[in-house]
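Take a look at the structure below.
All chains are identified by letter, namely A, B, C and D, in their written order; residue positions are counted from 1 within each chain.
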Amino acid sequence: MSGFRSGRVLILGLFALLVLGGFAAGNPTILSADNLSSMAVFAVELGIIAFGQGLVIAGGDGAIDLSVGAMSALAQILAALFIMRGLPWPAGVCAGVLAGAAMGGCNAAAITRFRIPPIIATLGTMFAFTGLALIASGGNTIDLTAAPARFLAMGQGSVLGVPFQILCLYLPLLGLLVLIQHRSRFGRALYLNGTNATAAWLAGIHVNRLRATTYVLSGALSGLAGVIAAARLGTATPDGVPEANLISIAIVVLGGASIFGGDGSPVGTAIATLAIAVVNYGLNYNDFNPTLQAGMMGLILVLVVLVENLVRGRLPRLIAAARSRRKIA
Amino acid sequence: APAHGRAETFQIGFVPKVIGIPYFSAMQQGFLKGGRAFDARIVYQGPTTSSVAAQAQIVQSLINRKLDAVAVAANSPTALQAQANHARERGVTFASTDSQVDGDAVSLRVMQATDEAIAHTLVDQLAAQIEGGGQIAFVSGGPIATNLNLWISLMKSYLAAKYPKLELVSVQYAGEDISKATEITSQILSAYPGLKGIIGVNTTATPGAAQAVLQAGLSGKVAVTGIDDPNTIRTYVLNGTVKSAVLWNPVDLGYLTVWGLTQLLQHKALHPQNAVPGLGTIAYDATTKTLLLGQPMIFTKENISLDF
Amino acid sequence: MKTPALNIGRAAPALHRPARVPIAWRALLARRETALLGVIVLVVAAVSLGAHAGFWTRVNLDGLMVTSAITAVPAAGMTLVILTGGIDASVGSMLGLVSAIGGLLFVAGWPVAVVVPVFVLAGAVLGWINGLIILCGRVPPIVCTLGTLSIFRMGVFLIMGSAWITALPPGLTRFFVADHLGPLPGAAVIALAVMAVLAAFLRVHRTGRRLFAIGNNEEAARLVGIPVRRLRWATYALLGACVGLGALMRLGQSPIVQTTTGGGFELGVIAAVVLGGTELSGGRGGMVGTFLGTLVVGLIGDAIVLMHIQPFWSGVVLGVVILASVGVNEGRRARQVVS
Amino acid sequence: MNRLELRGIVKSFGGVRALKGVDAVIAAGRTLVLLGENGAGKSTLIKTLTGAVRPEEGEILIDGTPVVLRDPMHARALGITAVYQEPMIFPHLSVLENVFAGCEITDRFGRVRTEAMLGAVRPWLSSLDLAESLLHRPMADLGLGHQQLVLIAQALVQDARVIVFDEPTAILSRAETDRLVGIINRLRDDGRAIVYITHRLEEVPRLGDHVTVLTDGRVTGDYAASDVTEDLLLRLMMGRRHDTRQDDGTRQDGGEAARPPAAAASSTPPVLSIRGLSHPRHFHDVDWDVAAGRITGIYGLVGAGRSEVAMTVFGALRAAGGRIVLDGREISPRSPAEAMALGIGYLPEDRKKQGIFAPMGLESNLTCTGLARLSHGGWLLDFPALLAETRAVMRRFAIKAGTPETAIGTLSGGNQQKGLFARWAGQALRVLILDEPTRGIDLATKAEIHGFIRQLAEAGTAIVVITSDLAELMAVSQDVIVMRQGRVVDRVQGAALTAERVLASAIGAATTGHEHTGRERAA
């Protein structure tokens, strides 16, 4: 399986378990079904956005999507407007996802047709989509508490005791993405391109088509996340998931992807999302100083990567050095 | 871990819109003061940015902890309704304070002053400083802050009705960033050279606007007023850039919230008029379940030394 | 081991070696700097000719220059970092933390002459810490600085609690904003000086050229004996110092420190640098572009208010101008290559 | 006096032991030639010398004193410099800056003194035949061959006491090689110590004072250059493989005897014909005809524009004028993908930049051109098939690597090159263009690859081999096109094909008769 740093996934998984264990030692009730599902529910949207970001980043060659938060905001506003105008809710949901895909298409066009470096292109569209979300909503949040119950269930309901969006959206998506990224020809081409775009181009890979697809997918996933957020909160907000732009990148690299592309896996992304969710929720729940939360994300990011470097690089070398020293002696 | 001490010690959670700003710290002081007075333990948790999603998560975790009550200064009137319903199901008393949550799952709302009163006071303060009318501008915080937007619209209609000579030429948003407010205000001053007055709609816009007016050398020529706490605006009141600022006492607001919640938790009824220890008589509206702290306060050179 | 593709952002044409351009001005047209200059001329013409004559007033120009200077100084440092193939996403929180530390010292009554260097020094130390994690811990720059972005912010919360710092010396405002050298407010003079010195350094100094070499090919730089680690580390520390200076100027512009001070600042700084044509993959770009990039971002924000554009549209306008100016520019480059 | 002495050097990468205790002596005023099959450990040994790699065991002595080389900077300070096998360039810096990277000439304040640097490099320019006008161009503008020459200049200007060359001539043609040999011999006579790695045996006697043969990380032979014969070297280098492999090609590569039966100029219409193809910068009015079942060699000096024509045919570069006709139909592929769909394949010359996916496994690297074939329904990868194909290819081309998952970037240069070749070998194509296909590949495998190229041609593919190795050109090609400075200057086939004529055309020393061949044809 290409692009799958099992080491990172292992460390992160262990880390999440350890943290959860620590919190549970402080307050065992954190392991209740309520708390576990809350943890998951609040992380789903960011997790889905991070999937899209992961696809984009895997394509490499500087690919990045800074507009994910803005896309999810505009998408949820559009979906909400449609639904409140009386459009059937499934059509509204589709509209949100398609709007996201269309915005991703704008990014793709700017990057592959007009050759604007991805970071500038998506920075520009981030400003633009955020502005459009404000314009479309008139600067107000849109009240969806009166929307069809089925729609709200997308964010608030549960199936077999598991939150709807986890069981019916997130996990299937995870499976699908594993298939796409690790088993499909598209995924292979994506990783090849991410590793060496020039070589991939010369090996006959449709580089632009490939990259455009990742941006469109990222847009669609952001749109979906926006719609879920709207359903969960019963409210569409024009600032959507504002922290998603940078945090989604952090999650993807935390999950083991290289920012230069050609690496990373949806499983890693999912575990990274989980680790962050556990820590954030656990800090609240165990009544830690709320200011600590501000830094947790960063501490995890830096520490996990440092630990991994130690395990992968320094330790084996130290051991080898010790061994050879013993041999000499 | 929550300590289950004496049976009558209630645990009350307070989730501000955002932590790390003086206004909500003052409310926190009020909560702690109320906690001491009415025997409640206060849990203070909040998001580091005024984000709806982050706030919902924190409220949810407090409900899951089965505190006795949770009070929230909501970033959106609708987005926390799911949490309110959830709280009701689990027997957690849910209140909103400062910025309200809609819906009937909310057991108590505590308001600093009516929105109309705030909007009218702001406009009245500015109008009093501008002779003969002219152009004015609003500088607000985040473009989607519900209560700020409500005040803006109330101010607009009040202006139209009462001060036709004051012409609102621009409403700009600076987020919760004083520096940005300064920048935007100096741009407004350039765009409208005849500008007569500015209203800052939140506690970051007002000092920012004042700084820009001061830097442009327009102190006294362009009137600045707005919502702000005395600590933040003091410099500008003392140097004459700002003649008056409008706020209420956030400490009292927090204190009142604790009082109201402990009344509910002890199953004591709230009356149209209540004698609250330390606050005097407080009105209660049973149809909206709203406690009203009173009228907005006006800070001028005389009382700007107040500290909260 | 991963070598970022040399021509990040434009995979395919990496092979299309640029064709020789017979006439010099065509090469000039393809430069990012030219495109930005064009945008500046257009926007200035539009705001001056538009019905609203406020642009050329002292208040507006001062505001524009001070605002741009606050971004420009950190952007100058960021240019060096990005040129070596690094990036620093933590400058927003770094600015906040430096402001908080310095602000508290001011409040504690330390004399201005002592605190001012502390700002620069504190910034340098924070940058040095980034460098430490990146170069000794071998953590990729984006990972490290996204991390320290939130760690530094936590630092702000921890040392400030939730009180804003308001009692700052008025001298900062006087020096950076009120005092002028010719038409330039103090902040602008300092920013220009910093940029000029760094531009010259990059262009003619051995170490400056070596920074380019590192960004071009880090492995090769190491093999020819360039002290890669030391130099990259130094760029982070230098950026930190620049951020410290920026923090001071920002306190001159608005003398209050909030716990959120500097939030989102990093995007503006990085945007100015990449808009200016410095490539994220390193090795290409320069200070003139950064200067123009900073000016464009400041100018567009200014023009939006001056031209009475509805505030909600400001994001759309800014986004479209960025896309258009870079798009036209890159399109021209691509066409040249294909012909 | 021994300038440099290596004693018992051991180095392993993960599980692979690249060097298993190597001893070597490098003396001032002498040239040490290192020979060995791909993956024998030559480059690794060099890297330990320059501080780029730290040996786990063993000692390095400079002028008799043991030193620990901390890093390349340290080694440089001690007077050791190298031209590495993989070109180490700074693409966006000027050529001049590339030459002086890390050892800039500056004034007291650290300001770079361009004039002084120009003065210092000028003497070397003419001996390397580099135009002075190149110095101010960005390095990325230069072809790989020119880049190699610049890197050699980089080593020369440093006035080092020990200079190491790791396959410097792999993509240089005979003329450049001759010049380089001259320079090296001059440096040696100057009292410098030289280490030289090559796979081209014909260079050995002209350079070597001393030859060391490396096999599997061990020294297996140590001779004075005058004592060794090609036969002996071959046997030593190939060790046990020697007996099991057919070695006909190997020998024949040296001479011209084994050239494939040069059937008279084919009367069948060419599969690929290029007419008047021009690019404002790289080539002008180029005509090529490539027939099915034949191998067309393209020869030229560095910078002749051969790679650029090939890339244009492959859709990687856009021409300004002219026509490309494939099977009688005019084509203008806009991307390599399109060209591939038309049945054209291209093995690029720049292994590192254009070829390998360094951190990815061999499996991904070897199968990337055949993914459509190796997946279910064209989109779901068939892993067993991918692995089977990879294993088969690894065996066939003797790619020395642990498993199909081994990252290709960790293989030796020659093994990487084999991988790249294998990528195209399995494709069904009308035209296959191979740009320096055996660059850095050891003798035994080279012969096999030549055999394989012939098989492909016999199966009907039109093959173009762009090579700077005159011996290779003579060994495989039936038709030869010679280019110089972006123009076709000669075409030869059959009995007329001699090394002398090709070389003469390439360097422009030939009678004017050949000069206009291209134009006459076009007219």
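Just so we're on the same page, a contact is a pair of C-beta atoms (placed from the backbone, for glycine too) under 8 Å apart; a residue touches a chain by one contact, two chains touch by 3 or more.
Which chain is which protein? Per UniProt: A = Autoinducer 2 import system permease protein LsrD; C = Autoinducer 2 import system permease protein LsrC; D = Sugar ABC transporter ATP-binding protein.
In this text, all values refer to a predicted model and were calculated from it rather than measured experimentally.
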item	value
Chains in simultaneous contact with subunit A and subunit D	C
Longest centre-to-centre distance from subunit D, chain (CA-based)	B
Interchain centroid distance [CA atoms averaged], subunit A/subunit C, Å	28
Computed distance of Cα centres, subunit B from subunit A, in Å	34
Length of the line joining the C-alpha centres of subunit B and subunit D, rounded to whole Å	73
Multi-chain contact residues (two or more partners), subunit A	134, 139, 195-196, 198, 200-202, 262-263, 291, 294
Residue numbers of subunit C (touch at least two other chains)	2, 6, 12, 14-15, 153, 157, 312
Where subunit D touches two or more other chains, by residue	316, 335, 353-354, 358-359
Pairs of chains in contact (touch as defined earlier), listed by label	A-B, A-C, A-D, B-C, C-D
Subunit B contact footprint on subunit C (complex, rising order)	52-55, 57, 59-60, 62-63, 67, 153, 156-157, 160-164, 166-167, 173, 177-178, 250, 253-256, 258-261, 263, 301-302, 305-308, 311-312
Subunit B-touching residues of subunit A, taken from the complex the two chains share	26-27, 29, 32, 34-35, 38, 42, 45, 134, 137, 139-141, 143-145, 156, 229, 232-235, 237-239, 241-243, 280-281, 284-287, 290-291, 293-294
Of all residues in subunit D, those that touch subunit C in their complex	50, 52, 71-73, 75-77, 82, 84, 88-93, 97, 101-104, 106, 109-112, 140-141, 154, 280-282, 311, 316-318, 320, 335, 352-354, 358-359, 409
Subunit C-touching residues of subunit A, taken from the complex the two chains share	60-62, 66, 110-111, 114-121, 123-132, 134-135, 139, 193, 195-198, 200-202, 207-208, 246, 249-250, 253-254, 258-260, 262-263, 291-292, 294-302, 305-306, 309, 313
Contacting residues of subunit D [partner subunit A, same complex]	56-57, 314, 316, 335-337, 339-341, 346, 348, 353-361, 364, 368-369, 371-372, 375, 378-381, 423
